[in-house]
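Heads up: the structure comes next, in structure tokens.
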Amino acid sequence: MELFDAVRANLLSPAVLFFALGVLAAVVKSDLRFPEQLYAGLTIYLLVAIGFKGGVAFADAGFAEVWLPAAAAIALGALIPLWSYPILRFWGRMSVVDSAAIAAHYGSVSAVTFIAATNYLTAVGQPFESYASAFLAVMESPAILVGVLLGKRAVPKSGLPALTGSSRQVLHEALFGRSVVLLVGALVVGGLSGAGGMAKVEAFFVTPFQGVLALFLLEMGLVAGRRLGELRKVGVFLLGFGVLMPLVHGFIGVVLGHWTGLSLGGATLLGVLAASASYIAAPAAIRLSLPEANPTLSLTAALAITFPFNLTLGIPYCLAVARWLYTP
Amino acid sequence: MIALKLVTIICEAHARKPLTELLRDVGARGWTAFAVEGNGDKGPRLADIPETANVQLQVIVRPEVAITLLERLEREYFPRYGMIAYASDVQVIRSGKF
Amino acid sequence: MELFDAVRANLLSPAVLFFALGVLAAVVKSDLRFPEQLYAGLTIYLLVAIGFKGGVAFADAGFAEVWLPAAAAIALGALIPLWSYPILRFWGRMSVVDSAAIAAHYGSVSAVTFIAATNYLTAVGQPFESYASAFLAVMESPAILVGVLLGKRAVPKSGLPALTGSSRQVLHEALFGRSVVLLVGALVVGGLSGAGGMAKVEAFFVTPFQGVLALFLLEMGLVAGRRLGELRKVGVFLLGFGVLMPLVHGFIGVVLGHWTGLSLGGATLLGVLAASASYIAAPAAIRLSLPEANPTLSLTAALAITFPFNLTLGIPYCLAVARWLYTP
Amino acid sequence: MIALKLVTIICEAHARKPLTELLRDVGARGWTAFAVEGNGDKGPRLADIPETANVQLQVIVRPEVAITLLERLEREYFPRYGMIAYASDVQVIRSGKF
Amino acid sequence: MIALKLVTIICEAHARKPLTELLRDVGARGWTAFAVEGNGDKGPRLADIPETANVQLQVIVRPEVAITLLERLEREYFPRYGMIAYASDVQVIRSGKF
Amino acid sequence: MELFDAVRANLLSPAVLFFALGVLAAVVKSDLRFPEQLYAGLTIYLLVAIGFKGGVAFADAGFAEVWLPAAAAIALGALIPLWSYPILRFWGRMSVVDSAAIAAHYGSVSAVTFIAATNYLTAVGQPFESYASAFLAVMESPAILVGVLLGKRAVPKSGLPALTGSSRQVLHEALFGRSVVLLVGALVVGGLSGAGGMAKVEAFFVTPFQGVLALFLLEMGLVAGRRLGELRKVGVFLLGFGVLMPLVHGFIGVVLGHWTGLSLGGATLLGVLAASASYIAAPAAIRLSLPEANPTLSLTAALAITFPFNLTLGIPYCLAVARWLYTP
């Protein structure tokens, strides 16, 4: 009952409603489109804002408090592909590269899902560790590296000539890719400038943040809605995978958060991170290093199945799991 | 006026970096690039998110380089990325520049 | 006297001054230009913000209060082309398609003029119904449809082969065009998320709104200023039309607002809507469905004559009419 | 290498949708588009508002399709929209793709 | 179909205004322009700030105008700006337009 | 000691840290990039905001208080190229056009440096005349005109055919160039709309300003960092020039501010303006009117040497000079 109320509150938040509006506009084939550079600008804003805020909180909490759950987050990100891969490969009968690519997407994380979850927690009055965006920052890359390792074994067998320098590139992309630099960089900047710095930039990076997210989700809805047509192409297996894995990973994430001493809200966020699938960092890195994989599969699963699922149901689900786990 | 080849490549934006490395590899001394949208066998590519954006690369090279480039594209890149490539004839004034 | 003061206050507002700056910059041929995607982004922001705000107010007021003036607004939008058309056709000696196209622009509405009017009312301390943006939303399309019907009759006579699918397109554009989707969509989102949702996104959609409008009007001034050179091409008749019709339509709109029970401020806004001419929704729809019409005529009239006129004089005029009408 | 035609169309942005439908109609299997600015007989087209923006469409087709396309453009579109269109020769490697 | 020349100029964005004046000067009745990025002998030109952005200008002219244009470009502009220019053959339908 | 603390406080401000992050991202060759239209949009915002704020303050202070330091600012801008030119020409052994071009950049001013200085003064609690952005506005062009005059003498000797209309263009660019129009225009708009206008747009042009600057400096860091590789090309002389001239010009600017009756904070700002080198207005005007000059030299000096130097050390240095001068 309580879960039902939580879901309803989430569904009626401006952010989720704007997402739905975007999906609808795409479905009725409206010519509404966000300019690409606006999308890029909003992404930069959201990543920098969330990173900066997390950095200020990180500096406040101190490394001693953060390292254990952060290490758990990294480990979880690296491990998820290891069990996702065989599921995709053998139950889903996908090719080696496709299985590896999708596994990488699901081990990595979605910043927007995370941000939506922090807003949701704020809305329902559930406190959480603000430094949790550090987990977001460190969870982007490990799964990508594992996924690429899994997939690379297949390329020689494919008979295709190797592309020059692509394995060097993946490491570079994992360490210095756009979103990693923005998140980790803003974290460090936030950590160094502390509360005094926050006071200066709060009116830009914090106050209007929720509204910006709502507008951004309108565009996300457009993008996701346009891919709905490809759901047929990806098949029933991937549809199930995209809905069930978040439930499993969300559960594991929450439990891990509990074990490593996070609060109820922090554990929820770790669950949401685990449940989420990357659609920014992973696609870029995978197209560079495993171009043999079919991007329609991974992108449609991450963007048109798992993202909407988490945004609407996955986030309240993780909170419900956490509440159940933390009940004495 | 000197006769050269203009090779145009239209491909997904994520392939831009490896492609410019290929251009250098085959001996091009410069290139020009810009974002485009498109439609083809792999479906519509609306440019609003980088994941579905295309890029158009233009490179002026000597005819023999054009052939090498197109062949390597066909062998190494066509099987991996959604893309097209074509060559056309152009005339330039400055020799030695390309 | 009072009208004079009201006009002066309006002319010295940042929004109008930035518009004038833009016109001036265009006239001296400065290389100042707004990037096109910034213009697109600002448009999206303004439409979503005004729609959302209106939706919250709508939900508060309830359908019973809104439906009558909304129906009047729709009817007015649909009727304006019916008398504008013969005036253009016979007094202005314009062709059938051009008359129909211009009539459609003047029956439809300008969101930016409306927004400027709400700011003006706020500045002079005149309360109004916030849900009035619902009228803005419903007045965009009817006139376009009527105008297209008027114009379509002429095409077969022109000897040009018909373009495939263009009549299907106009209905789609009128229902699902960019600005309709943004306005109506944001209205619904605002209505569903209510005051609670407003609290979350207010700092982005409401607080900085006036400043954003001022910046946007700088760009509008650039665009309008660049078209000043075309005033010669459109002729004296259209110049008079572009100034007199707002006076007539503004009057009718205010009276209709009065009849249908709006407050003094609300009636002013309905007057402004009637007086305004569309330069976003109508041009897009008309270029699709009546491409035989000369866009220079309608766009120059709407953008370089009527828009500046309303921004500076038309808005205070409508308020003056309303004050006169509502004086017991 | 196979000889094909590249047809380039530069027109007002509002005409984009009907034009891509025409492309499909005459048998093109793909196209590429991007925003441009321009100047011509109808005056300057600065791209900062969509109402005065131009778009450039590029489509690779077989020579006979190029002729049909240009003819239909001339008959149906030139009288209605501010635009130009031209064809040029290109060489591609993959046959069967266009 | 009428044979004309398409002259393409890729140059730093700051040179755009003088170049369009040159185009008018040699008799072009229109042109098309868009922002591009590039790489060449003068190093990479990433388009994120106007100071390092490039612009691509396309102009369709009669063959004799193309020659004058290229020659004036070589004499007056190549020594001053980082740029390339090339000509190619195009076919148009409407005569009298260019 | 005090200077040391001031520098450290400056280095740990979000703005400077984001700049450093940008430099770092460029150095490690991250694919992080700001979309070009975002850069253009942020520039417009910053110039309009600083101009508007200055205009409101200007109207408040009155012309009588402003004209003397403003005249001094103009004179200083026009004179700096006159001594910079021979230094570049004879000590630096640069060509006539290159010397003239660089001299023009150093006589003109950098708006972002100025804005960073106002933020710095606010942060350390040092009051200043808000109308100082009027000095920024009037100092952009004089040096450019002087520099062009110095350089033009060389072109006939170069044997190159003259470009048509380029001398007419430079005057037009100096008077109506993008940044001049935005700054001067926003000043006038601010002056005319006064405190009442400010109240309307404050939430957009003032409150989030510092945060926007921080984000903008991230991009500036990317741009500057990318040019670091060119430092080798410009040579040791220009490196020294780019660091020493700000010290000299900053000193002169502060003294001039003192003489003409500015407060300690105002004199600091005049010093910062003198110390700064233009990388927006000057490059555009010089490429139009002295295209024979090598832009790599001037742009690298202004952007990759002098700008970071002023941002980190030059600003606290000017404040220290002012404090020393104003100590009774």
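By written order: A, B, C, D, E and F. Residues from 1 in each chain.
As a convention for this text, a contact is a pair of C-beta atoms (placed from the backbone, for glycine too) under 8 Å apart; a residue touches a chain by one contact, two chains touch by 3 or more.
All values reported here derive from a predicted model rather than from experimental measurement.
Between chain D and chain E, the least number of touch steps comes to 1. Should one ask which of E-F and A-C has more C-beta pairs in contact, the pair is A-C. With centres set at the average Cα position, the gap from chain A to chain C is 41 Å. Chain E has its Cα centroid 20 Å from the Cα centroid of chain B.
Computed from the mean C-alpha positions, the centre of chain B lies at a distance of 45 Å from the centre of chain C. Spacing of chain C relative to chain D, judged by their CA centroids, is 33 angstrom. Across the assembly, chain E contributes residues 17, 34-35, 88-89 that each touch 2 or more other chains. Counting partner chains per residue, chain C shows two or more touched chains at residues 31, 33-37, 40-41, 207-208, 284.
Working note: touching chain pairs come out as A-B, A-C, A-F, B-D, B-E, C-D, C-F, D-E, E-F.
Note for the complex: chain C touches chain A at residues 35-37, 40-41, 44-45, 48, 52, 172-173, 175-178, 181-182, 185-186, 188-190, 192-193, 197, 200-205, 207-208, 284. Partner chain B is touched in their complex by these residues of chain E: 8, 10, 34-41, 54, 56, 70-71, 73-74, 78, 84-89. Chain D contributes residues 1, 4, 6, 20, 29-34, 60, 88-94, 97 to its touches with chain B in the complex. Interface residues of chain A facing chain C in the complex, by the touch rule stated above, are 12-15, 17-18, 21, 24-25, 28-38, 41, 119, 123, 207-212, 214-215, 218.
For chain D in complex with chain C, the touching residues are 12, 14-15, 17-18, 21-22, 25, 35, 42-43, 46-53, 75-77, 79-81.
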